[in-house]
Amino acid sequence: MKKLALYLILICAAVSFIYPFLWMAFISLRSVGDAGAGSFLSSFFTLQNYKAVFMEIPIGRALLNSAIVALSTTASVIFFSSLVGYALAKLRFNGRETVFMIVLLTMMIPGQLTLIPLYTLIVRLGWIDAYPALIAPWMISAMGILIFRQTFISIPDDLIEAARMEGCGELRILTSIFWPLSKPAMVTVGIITFMNSWNEVLWPMMVVRRQEMMTMPQMITTFSVGGQSGGELGVEMAASMLLIIPILAAYAFFQKYFIEGIASTGIKG
Amino acid sequence: MRTIFFTILFLFFAGSSGAIELTYWTSSNPEEIELGRLLVSQWNQSHPDVQVKMQPIPATQSSEEVLLAAIVSKTTPDVCSNILPAIMGRFTKSKAVLALNAFPDYEKVVIGRTGSKLADLFRSRDGKLYQVPWKCNPVMLVYNTAIFRALGLKPPKTYSDFSKAAETIAADRDNPGRWAMAVSIKTTWWQRLFDFYPFYVAATGGRTLLCNDSAAFNGPGGVAAMTFFRDGFKKRYFPMLGFSGNIFLEGKTAMDVAGPWAIKYYRRLKPGFEFDFAPIPVPDSYKGPVYTYGDPKNIVIFATTKYPKQSWEFVKFLTSKEADLKLLELTNQVPMRSGIVSDPFYGGFFDKNPLLRKAARQAQYVVPMDESQHLVQILDIISGQFEAAAVYAVITPEKALAIAAKKTQALYDYW
Amino acid sequence: MTTGDERKDAIGYAFTAPYILFLLVFTAYPLLFSFYLVFHSWDLITPPEYVGLKNFYFLMHDTDFWQALLNTLIFLAIHIPAQVVFSIMIAMALAEKIVAKTFFRAAFFLPVIISGAVVTILWAKLYSTDTGIFNQLLGLAGIAPVKWLTSTSLAMPSIAVMATWKNMGFYIVLFLAGLLNIPAHLYEVSKIEGTTRWQDFWHITLPLLRPTMLLVVVLSTFGAFSLFIEPYVMTGGGPLNSTMSVVLYMYKHAFLFQHMGYAATIGFALAAIILLVVLIQKKYLDSD
Amino acid sequence: MAKVIFEKVVKRYPSGDRDTVRELSLTIDDGEFLVLVGPSGCGKSTILRMLAGLINVTAGKIFIDGKDITRLHPKDRDISMVFQNYALFPHLNVYDNIAFGLKMRGAPKKEIDDRVREAAALLGIVPLLHKKPKELSGGQSQRVAVGRAIVRRPKVFLFDEPLSNLDAKMRTQMRAEISRLHRRLKATAIYVTHDQCEAMTMADRMVVLHDGVIGQCGTPHEIYSAPRNTFVATFIGSPPMNLFAAQAVCEGAASGLKINNFVLPLPPLTAARLEIGSKYTFGIRPEHIYLADRVPPGVNSSVPLACEVELAESMGNDVVLHCNSGGLAFQASLKHDFPVKSGDKINVVFALDKSHVFDEKGERVA
């Protein structure tokens, strides 16, 4: 009896979490004529809304931009953060503890404080409407450094020494010993970074104005808010679907890491 | 095949022989892009040594923002024809634009075309002219002639007329739920250029928002205009909801506020739709010509140009008699050319397009916006107070305008 | 070439150098420049002008800023408690022995991974006064449509409910991890002592969840003060500025009015307020 | 192939208050199996790591084959090392672990394959080649680690306590195997251990280290039979050598050592080196103590000493007696061919020609 109530609550909650997305997918597939109210399966499905999105806004270009930005940010965060994480975990040098303290401190700075000066910096660098503006300020993450350091610290020093004896330089040790041994950490850092970068909307809105340089969330926001969608619900939902499909695919693929990685670090965007 | 080859060869040599290239930015609406393409190709054919490259300003952001960003990054074009005069204050302050007085034939060209009365409106505070007055879109009342005919209405001239018309529309049993006029409840600053501001200009007989760096809008005219909207929302003449799509085109409202640029837009979206323009309604006590906001767009030459002379020649070409006709034909916007209504050169066009004759007549009674670095913020302040006093009616129009005036004052006091 | 420790020194510096450079350019410089900006007026185009404490003075008297702060605090006051209560409830349900646990967990986590922009666009439709599902459901129950986003008193709570829905999955996962960390024998002891489940919850579960609670509260505070895209898309800050958040207000000053100095001042004040709020939370949740 | 020379090598850690290794000079001959043995903290691993290049040398020089390698990167020294925890790369299978060094050096695929298979065959781990380290037992892991070390055919092999993580039986087996392997490869090997048993059985030559200095260097037999000081004497041998505080006395014609309340007469040769009246330490290994009535023939034994057995520890073959004679405590290791139990009173004798005498500083006198 008690179990039944439990399931009832959980199912109701789960439905409320999933339903909006189903509705969105449904609306995006419905023909333009009957957008608005209506029940499921009331009409046949069509891709015309998706066609319309591609016709009305350069969504293909936005997808490309988002992919370039999110992938290069992710690659850079993984590479540089693991580099620093390795140095902090396994190399001895003067100032190591200071650097580590700085990493921890930067995590405490509210982003709102540096947002405007960062924007002015981008303007001065002449990076407005360019990929560097979207990538460079997020190339290394303190969160990534921290995760890598914690992971690397538990890898025995023996392995480093063995690798050095066997002829590895430090970079080689990082890439061919530490990386393969820290796959969960790499995946965690990777997906958190990818997700944040893919979904980020405030920063692109600040540094990108040209339509060809817009990322997906920005494009869809301006499309929706700017009224370009002409109030066509189906088209708007189709555009939104295009934004969430890649992240949903990544989610389906890495589900375990997604949830556990994020839970273990307690960090998100 | 061979011709293509020679053409390429020619272009190659032409290019390498040092033909000057000018960059020209236009507005991004399809009509103006078409106009730009036509004029640029004409120019390029007749001027092989000065080639112009045209580029529409990206559509998603406001042109002002794009231009400001370009100034910051020093990537401004040579010539731009989509300049909101109100924003010129910041352009001149940052020395981003050329003073056109420097060109010897400037008087002849600009004053000769626009007339000194209108041209003076765009004169900068230092007495120089940095912009060539180009075209305007007098903001007017546009009404659905089918509905008006069916209900036996005439376009309202005064607020009382408007009320009566609105009551008639509301009482129409065949079309329940139809509103009198579409007014946006969004608070984006430029929305007020299509409701409060033109009504304010009309009610004050052509005054602008500011006078000597101080708010001028909280006088009787401003209160009258604000009260007009407050009453309209209160009596449900205007729909009080965020709507998508164009409800005027859909026949859900009988009137809208728009400029002549809308003619092409309406015809494209809904062929056969019947509409007409009328002056903005004024308070019952108002006498005199009805002014409105002209929504002017001007042409400037940016200081980054390497070829001021060639740019100036191109600007003259853009504002020539023939170009102005093309402007009328392709975009249905009104060149700021004095005497255009009576000029037989354009007579044929106006005969075919009586709506534009109306717009061109109205164009004689237009004002721009004030040239102020705070203009956007002042409109934003007014917009917020419009929402409070008119849309939600939580404070009186007098109070709202007083607050807006005070906030405007604070801007000048602090910055 | 050197060996051992010295070489490690050199490599240590080489490996951290990109980060140090990055830090100097993208953290230290903006941080310092924000100090510069708060004392200047700058529109990006004309040279910055020193204005002393004018920005702060204007901020003190800027009723719109205080309204934005109040709005943000209202958002916080609804969002955070709702978040904590519902997340704990669902996490406790998920901690029981149930089938399809992974499915439920994944379902609740779904909105977390999806762009806030999309979630907001979607919910704007759900909240729509005439066609939204909420009012349709209310209509079925014979209740008149509610102006979710166009009434000054409901708009911010509506946004807070949506934000709670979006982020809850993340906090459910955190609480679930916290719950599973509580040793089972504690409950066995209480079973022997004959306590009720409610007493267990108050005297064992809740106190032991404290560290998670602090984490959740601090993280959601940081998140809540960043409120931007939701009002930007849904309401544009209206009606009557009732959903104008501090970040949206800052954005408006920076990008609509080009008041870089003033926008930086708003950011500065906001950062100070965030740290203050977090300190207070820490004091009350981290006391033992 | 390779001769290793340490020349006044010093190691000081920045945090340490004194040198971990003090002016170490040592020559290891080509093909020699040298064992560094000593208690933990004596500096033996530090010496090995300096040679490996894993830590730097504070002062002094190290040569391999006459070439100064003091400041070379580990990979350029042509040495390999077997680690205590095997240090197998967990993400690579056995084959790739063994091949790792060759791959890093860019050896041709064919050659790598040949050499890996050869090494695997030598160690009897061919069936394991495709397993991951976590599927291996301790002994198997150690074989793989050795395989990784030998596959490159380096000049010098280093072993850092390689057997300490294995169980006793496996340890004995691996010990023999490493010795056999060394004889076969004839490469210079340096082996660090704290286990004297490993040291004694495996070493060509062993170095007993104490507080960063060499206590004694020599063959296992030399070190066992003639420890240079009390530290070496007690460190090597199990159970450890009994040491008694003593004073040289002259009793009649013969001089002897007065221990507690009795005097031990000494052979003249030994006695001649003592200075009457000075304090000495007398040492005798437990296995050189016999029951008075069972002295094997040919042993020059002392006079019987009456004592009480406080504890008898049977080791199967041997029995270790913890004896007490009027407050003098010592251990005796006897063949287990007679019944003796705690509380028994027995008489023992010391084999005087196997006894050791150290001076006050602990240095060997005789």
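Note that the chains are named A, B, C and D in the order they appear, and that numbering of residues resets to 1 at the start of each chain.
As a working rule, a contact is a pair of C-beta atoms (placed from the backbone, for glycine too) under 8 Å apart; a residue touches a chain by one contact, two chains touch by 3 or more.
Bear in mind that the values here come from a model prediction, so they are computed numbers and not experimental data.
J.: Which chain is most central here if centres come from C-alpha coordinates alone?
T.: That would be chain A.
J.: For this structure, which two chains share the highest number of contact pairs?
T.: Comparing chain pairs, contacts are most numerous for A-C.
J.: Measuring between Cα centroids, which chain is at the maximum distance from chain B?
T.: Checked the centroid distances; the maximum from chain B is D.
J.: How far is the middle of chain B from the middle of chain D, if each middle is the mean of its Cα atoms, in Å?
T.: That gives a centre separation of 97 Å.
J.: Can you compute the centre-to-centre distance for chain B and chain C, using the mean CA position of each chain? Integer Å is fine.
T.: The computed centroid separation for chain B versus chain C comes out at 41 Å.
J.: Suppose each chain is reduced to the average of its Cα coordinates; what separation in Å results between chain C and chain D?
T.: 63
J.: What are the residue numbers in chain A that touch two or more other chains?
T.: Each of 123 in chain A touches at least two other chains.
J.: Among all residues of chain C, which ones touch two or more of the remaining chains?
T.: Where chain C meets two or more other chains at a single residue, that happens at 5, 44, 236, 255.
J.: Which chain B residues reach two or more other chains?
T.: Residues 65, 72 of chain B touch two or more partner chains.
J.: State the interface residues of chain A toward chain C in the complex, per the touch definition above.
T.: 3, 6-7, 9-10, 13-14, 16-18, 20-21, 23-24, 36-37, 80, 83-84, 86-88, 91-94, 96, 99, 102-103, 106, 108-121, 123, 136-137, 139-140, 145, 170, 195, 198-199, 201-202, 205-206, 216-218, 220-221, 224-225, 233, 236-237, 240, 243-244, 247-248, 251, 255, 258-259, 262-264, 266-268
J.: Along chain C, where are the residues that touch chain A in the complex?
T.: Interface residues on chain C, with respect to chain A: 5, 8-13, 15-16, 18-20, 22-23, 25-27, 29-31, 33-34, 37, 42, 44, 90, 93-94, 96, 98, 102-118, 121-123, 125-126, 131, 133, 136, 165, 169-170, 173-174, 176-177, 215, 219, 222, 225-226, 228-229, 232-233, 236, 246-247, 250-251, 254-255, 260, 263-264, 267-268, 270-271, 274-275.
J.: Would you mind writing out the residues of chain D in touch with chain A in their complex?
T.: Going through chain D, the ones touching chain A are 49, 52-54, 73-75, 79-81, 83-91, 100-101, 104-105, 148, 152.
J.: Which residues of chain A touch chain D in their complex?
T.: 156, 158-159, 161-169, 172, 177, 180-181
J.: Give every residue of chain C touching chain B within the complex, in rising order.
T.: Residue positions touching the partner: 41, 43-46, 51, 54, 57-58, 61, 64, 129-130, 150, 152, 236-241, 252, 255-259.
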